[in-house]
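Order of writing sets the chain letters: A, B, C, D, E and F. Residues in each chain are counted from 1.
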Amino acid sequence: MEEDVKILIINPNSDEEMTQAIQKGADGYTRGDFDAVCVSTPGGPKYIETYEDMALAAPGMMELVRRHEKEYDAFIIACHCDPNIELLKEITKKPVVGIGESSMKLASMLGHRFSVVSIGTHSIPNKEAVIRKYHLEGYLASVRASDDSGCGYNEAAMLTEIARKAVDEDMAEVIVLGCAGMAGLDKDMQDELGVPVIDGVVSALMIAGGLVRHGLSTSKVRRYSPEY
Amino acid sequence: MEEDVKILIINPNSDEEMTQAIQKGADGYTRGDFDAVCVSTPGGPKYIETYEDMALAAPGMMELVRRHEKEYDAFIIACHCDPNIELLKEITKKPVVGIGESSMKLASMLGHRFSVVSIGTHSIPNKEAVIRKYHLEGYLASVRASDDSGCGYNEAAMLTEIARKAVDEDMAEVIVLGCAGMAGLDKDMQDELGVPVIDGVVSALMIAGGLVRHGLSTSKVRRYSPEY
Amino acid sequence: MEEDVKILIINPNSDEEMTQAIQKGADGYTRGDFDAVCVSTPGGPKYIETYEDMALAAPGMMELVRRHEKEYDAFIIACHCDPNIELLKEITKKPVVGIGESSMKLASMLGHRFSVVSIGTHSIPNKEAVIRKYHLEGYLASVRASDDSGCGYNEAAMLTEIARKAVDEDMAEVIVLGCAGMAGLDKDMQDELGVPVIDGVVSALMIAGGLVRHGLSTSKVRRYSPEY
Amino acid sequence: MEEDVKILIINPNSDEEMTQAIQKGADGYTRGDFDAVCVSTPGGPKYIETYEDMALAAPGMMELVRRHEKEYDAFIIACHCDPNIELLKEITKKPVVGIGESSMKLASMLGHRFSVVSIGTHSIPNKEAVIRKYHLEGYLASVRASDDSGCGYNEAAMLTEIARKAVDEDMAEVIVLGCAGMAGLDKDMQDELGVPVIDGVVSALMIAGGLVRHGLSTSKVRRYSPEY
Amino acid sequence: MEEDVKILIINPNSDEEMTQAIQKGADGYTRGDFDAVCVSTPGGPKYIETYEDMALAAPGMMELVRRHEKEYDAFIIACHCDPNIELLKEITKKPVVGIGESSMKLASMLGHRFSVVSIGTHSIPNKEAVIRKYHLEGYLASVRASDDSGCGYNEAAMLTEIARKAVDEDMAEVIVLGCAGMAGLDKDMQDELGVPVIDGVVSALMIAGGLVRHGLSTSKVRRYSPEY
Amino acid sequence: MEEDVKILIINPNSDEEMTQAIQKGADGYTRGDFDAVCVSTPGGPKYIETYEDMALAAPGMMELVRRHEKEYDAFIIACHCDPNIELLKEITKKPVVGIGESSMKLASMLGHRFSVVSIGTHSIPNKEAVIRKYHLEGYLASVRASDDSGCGYNEAAMLTEIARKAVDEDMAEVIVLGCAGMAGLDKDMQDELGVPVIDGVVSALMIAGGLVRHGLSTSKVRRYSPEY
């Protein structure tokens, strides 16, 4: 039945390499049972790091949603800071799922506290602001980041080490991968760490798939209504 | 692929009629794509209303999980107060999903605030305590309850009226059905109200199905470890 | 001395009538002692009501800040939802003051709780989200809105009536005007209500003027640094 | 006058040695002025460490309360995680006091923040959940635990060392003993540490004794009413 | 044994009639088993209503504590806003118990939420500030006040009516008397309302008596140390 | 125009040396454009460190406000713990601005989190209590204090070192000087640290000047009304 479900995964940046990594991670979850297609954002920045990057991604993200609204059943924002999520929830009646929101709310169901592993200390306050937006401060053990910037996605060893400190020193019981580009690292890290490691794209596919299957979507009654 | 997923839905009470209603609701979601079997709890109380009811359900719920641990891939607690959820998360390595936790966290992704509709004013403080346990106070519009007690499941009109007050007067944007026995009412209520209405069993199936599919489960590192 | 201070007030929308109303309100505060110039946002939407409106305003607001960065000492965002405030704080080293943030934090210094008066019930959840972003929930009496939408700025009587209910029924001790277009209504409302009524543009001018005078601005150490 | 007051202290486990330690601690407080009798829970687990231990203790605890309801004026739960406290508050009209709740709320009256000293890092998240349940997060300096598990009650030196770190490094001003079995250690630790050290059983006797004396007990109006 | 315990109840105002009402209420609790003496504050204001009243009471309260420090084992502040409680906790090593803090923390142990009944709407924000100071917002149903000011103490019928609204409309499960002068009204109100009604002086005597009995007092390690 | 604005800065202690340091710091901000006069408090303690110090300062502070109410347009409390701020807000209709409240609320507008640098670990809990009073916990990185007590005001190097740890280890993005006597240190520290450093007196002058200019003051509707 689910062969009919079609989900568009929006990589808010324009990095094709990351888009492919996300696609590969998604394929590992969908295994052909339903369609999940990852696309880069036209006109999007190279990476999503700053607030300006998020603003630059907005027009292309809107365009993608509007162009594909009929074709797809749900949209996923594949950047862990969920850029422009309120905007997309507003402009379409189809479900919109952020990988940040879905991964962290899922993490809150699997252990006492979670830690987010990230790249660059610059990202820590930004992630804290997002965590607060989702009312998840009480579930947070820590945001831990490497010192280097640039969303890297082949740095499993370093992330595992950071995550281990979160588990041992910050009392984290669940690890959340804080970048869409870390797709595919979850299984190995989970095996090494012995705690659940949550990939954002996978968690978003779970939620989006379920919403589509049952005909649920964003409430249009006030906050996310496009008409005032 | 998902034909292999097998989920046991535990109705913590011993009311066969409610078990059947839950089964029917679950079937509406699974549509034969994966197995979800609802069973009553041996030795469970007629209904889950009081803390004593929850305590009386515990031995039977533990027995069900232990007897069926190899056979099933995940367990769902089909009572909106999620009785004994910490206990079940602790005693099995398989995922345990409460319909209260999953429905309300899902609701928090679909609108600014949600209201829970429930039966009997007695249930309001108990639900507030559960909502606080899940750190969801900031997403709550209200808990609204009819005056009559007894978990009723054919009272669509009354619940719709209560829900409408929540939407209009309490600024709720999403409605959460506050009893497993309300299974099957969501679609009609959603049509009438014009806002998402979330059924607990359906939301738990979404989460449990996704967790099984990706090999995620409760962290065993400290809080939910059975070994001290 | 302050004749040298130059502040650019950015009206995020393109409505010249509102820009003039804001300018007039600003002039009432600056009284020629320092420069405060209000401009409409090139390419901005007619009004700022939806998240899309905020996104549409972003490019023009960035352009204004970058074009005028040398010329002006501080920037004010003259829309009570402070659209794109993190973005502007990031892209310039000059102070950026939102009328929402400054008016509500000022209100928190003048009484036990404040209420925001606004236009359209649609705006209530959006304002609640902003209030939470600024950690001001504990100071909030209520957000009260008229039923009609469209940011109106000659509706003193209606706003006074709404504000009176906030004071009498919600225990508000201070009123915050929830729209830049309400500039100039504060004095009359204050006289009628007998409680402080705070205009956003005025409060932003107070803060921005002080910051410039003492050489203070946004921290560039992590969250609002443009360089990752 | 108080010779008539009779309090039953329920040790939720079946360890007679701990029951005797609790009795001894209680005697040190009552000094014959009123009756406080500690009993082990029939069918209770050896220790209360896991959620399963708490569930296993429930039937015996209910039985004790029901069997002795006429005979005793109040019931104390003598385990610092207050197992089944909502259940006991519900099934009897007599006061029910948990040593966790009473010790930590008392601690909040004696200093800026308190720390709980405990056995085994496994207990830390569980205690944090209890502290949150009692709305005491804002008063918490830390939960500090030894690495070894097993509720030990002759380990004064180790606990004193842990507590000293809480005072010096976590800014605790009051220490709460996190296990009923630590009864009797408070005075020596207090002398060594120079800050108040609170024993759970003693604090529960204070509260329970006062409630009985003045005829106060649990509200039966909704949450803790056994009738729905 | 307790005949040796001596507690000084400080009425922060100079109203002898209220001092006698408090003494009578205290006698009803102590019943000769221990000494509890209520005194008016020399130089204190007629009533404690404003912040100035609290400041005016401070010198006399300090004088009482210092003059009687050797003679008494504990001090109670018999005004529900606990005026100068940090000050008194700082200047003496003996326990200091406020009737506001003790009554509301006790109330939090007896039901899901409590309401405070008070005199005059002016008192509502002041009480809210105190409730927040004690981290009790999450336990609060409401502060309800009559419209008339002046701390009245023979207005049982009016207070009962206010309290009933708190129970019925605000979901309060416990009532806290919000003025020391209401001493003696608790029992009749409790009988009429069917929920626990807590008198501040009685609750403070419970706590103070217990602290003295067990040799506990304010931590002197930092916040309440008189030496910097 | 502003030559007419007259602000009285109340140093709650009687230390003339500190009064002069504050005056000098104020002059650096006002630069002759408006009047800001700092006076010591008659009968005030040598320093404000303890709660007793705050109580001892109250009569003199009230006297200053009442004696100068007609002469001055606003009052500033120049001690970072804002002693007796509710009292002063109540007794005058003119604006009252605390340097603690204004500096920390201003800090919250300039970065993700702020740290307060202070003197003596004793001050940490007291400052935490004030920060909570102002609902600023969510903006706090840390309160960092030197070990020595005594409000020192020529200890720039030590404070800079403490502040640097706050920035590097606690993720502070803004530094708040935690003592009025630190006036004048902000600029040098800011240059060394590379983050905004906020002086309390300067921030209070910004706010007070703006309030006077626009005719805003404390709400007199309930909490700060002197008449009950």
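In the analysis below, a residue touches a chain if its C-beta (ideal position, glycine included) is under 8 Å from a C-beta of that chain, and two chains touch if they have at least 3 such contacts.
The structure displayed is predicted, hence computed values, not measured ones.
Path length between chain C and chain D in the chain contact graph, taken as the least number of steps between touching chains: 2.
Taking the CA centroid of chain B as reference, the farthest chain centroid is that of F. Centre-to-centre separation of chain B and chain C, using mean CA positions: 43 Å. Taking each chain's centre as the mean of its C-alpha atoms, chain A lies 52 Å from chain E.
Mean C-alpha positions place chain D and chain E at a centre distance of 26 Å.
Residue positions of chain F touching 2 or more other chains: 112, 121, 124-125, 129, 132, 138, 171, 173, 222-224. Applying the touch criterion to all chain pairs gives A-B, A-C, A-D, A-F, B-C, B-D, B-E, C-E, C-F, D-E, D-F, E-F. Those residues of chain E that touch chain F in the shared complex are 49-52, 54-55, 58-59, 62, 84, 86-87, 89-91, 120-126, 129, 132-133, 149-150, 222-226, 228. Looking at the complex, you find that chain A touches chain D at residues 112-113, 138, 171, 173.
Listed in rising order, the residues of chain D touching chain E in the complex are 1-2, 29, 31-33, 95, 97, 101-102, 105-106, 108-112, 134-136, 138-139, 167, 171, 173-174, 187, 194-196, 198, 202-203, 205-207, 209-211, 213-224.
Chain contact summary for the complex, chain C toward chain B: residues 121, 124-125, 128-129, 132, 137.
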